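Sharing a structure here in structure tokens format.
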Amino acid sequence: MSAHVQSAPFDPAAQLRDFGRGAGAIVTFTGIVRDEGGTLSALEIEHYPGMTERLLAEYGERAANRFGLSDWHILHRHGTIAVGEPIMMVATAARHRRAAFEGADYLMDWLKSRAPFWKREIRRDGSVAWVAARDGDEDDLARWQDA
Amino acid sequence: MSAHVQSAPFDPAAQLRDFGRGAGAIVTFTGIVRDEGGTLSALEIEHYPGMTERLLAEYGERAANRFGLSDWHILHRHGTIAVGEPIMMVATAARHRRAAFEGADYLMDWLKSRAPFWKREIRRDGSVAWVAARDGDEDDLARWQDA
Amino acid sequence: MTLEVLYFASLRERVGTPRETVETQAATVRALMAELSARSAGHAAAFADPASLRCAVDQQLANLDAPLDGVRELAFFPPMTGG
Amino acid sequence: MTLEVLYFASLRERVGTPRETVETQAATVRALMAELSARSAGHAAAFADPASLRCAVDQQLANLDAPLDGVRELAFFPPMTGG
């Protein structure tokens, strides 16, 4: 059970050591910076220190209660993240697969639209642009009816 | 893109080296032998050699086409598997998270009910019992309407 | 025609062998099951409840009314429990 | 009352500062936005389209009609893009 916000790179595999002991099912999601057809150099992620950490922990607990997770882990980076590097990961552990899948899916939908992070693209041509929120992300979140 | 059936133990993290390069989203599922309240000693898994390998590859391709996966990996053990060890894993890679989640979820529902594996519990008291299929697994599979 | 018949899991245990070569004129899987049931008490027990039984015809999942014409390998087993 | 007002992402860029201390009698977030809009062209631009703006009151997501009574920290930002 843990939530972390950090600027340092991380190895998703190393995060899972000792995760979910005794569970029958573990689901992980890892988000990685795509190169967008070679146009992107890096992402820069800003967040709301204090609020972010509290909300990640709060939603982890909420997912644990709602889906009966035996363990959960959320890690999200901020700062500059190079193409090909992991941005964030979510892991869920449960007795059966459906709970682990739904817990991870729920946490991701929530993170996309409610966790106070903002992404900016640093492009190879030197331009910089904030990433716009996708309408589809709000639709995804609405599936859980507790936004 | 690969499907494997093996009796040897495996390390889920090692399986993901070089997996899904260029993707924005990676989802993994790992199934682990639960100890069932201390009553279980091991699982023994029988399969249908030849048919199993062909079907795993076939369903991997089917998932890739249906959900637009850029990479997929299926590994399933057979033989004797001790409590706490991974039984199998599925990994999916895609541009966006929804495809990666749905691809993994679909492959798991299919593996549970259509891949020719049969589990037997070896209990600490020396008794042995085949694991019965769960009705819920058929319901899960029916969600995808292509069983 | 000559068929290889395979049995897995609890079906294998009931029949007492993982495979046998069968000479038959049965037109469908179901017809062959009736013939095989006469072979031994183990066979009869294995085929007693068709609803709890699955089969594969030349390594393709099939239903019990599938035709046997041209088939080389037939497998019987209980519902799968992978994953 | 005295409030710490925080700005993030494109809102921070428009206003030109990540935070400022504000003295106000505004009753709601929306009323404060009207006051802040008068401070500079950057503030006016930041608050020009309330529908595209999110806020947090003492680090809890809130809507623009949330009361400010007793609040110590107010944050404005565009829709979040985590994950």
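Going in written order, the chains are labelled A, B, C and D, and every chain counts its residues from 1.
Convention: contacts are C-beta pairs under 8 Å (C-beta built on N, C-alpha and C of every residue); 3 or more make two chains touch, one makes a residue touch a chain.
Values in this document were obtained by computation on a predicted structure and should not be read as measured data.
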- Moving only to chains each one touches, count the minimum steps from chain A until you reach chain D. 1
- Cα centroid separation between chain B and chain C, in whole Å? 26
- Query: Just curious, how far off is chain D from chain B if you go by their C-alpha centres, in Å?
  - Reply: 49
- Would you kindly tell me how far, in whole Å, the mean C-alpha position of chain D lies from that of chain C? 72
- Residues of chain B whose C-beta touches two or more other chains: 31, 97, 108, 112
- Note on the structure: Flagged in chain C as touching 2+ other chains are 83
- Message: Under the stated touch criterion, can you name all the chain pairs that qualify?
- Response: A-B, A-D, B-C
- Message: Using the touch definition from the top, list the residues of chain A that touch chain B in their complex.
- Response: 12-14, 16, 20-35, 84, 95, 97-98, 100-101, 104-105, 108, 112, 140
- Task: Enumerate the contact residues on chain A facing chain D in the complex.
- Result: 31, 46-48, 50-51, 54, 76, 87-88, 108, 111-120, 130-133
- Message: List the residues on chain C that touch chain B in their complex, please.
- Response: 6, 8-10, 12, 56, 59, 61, 75, 77-83
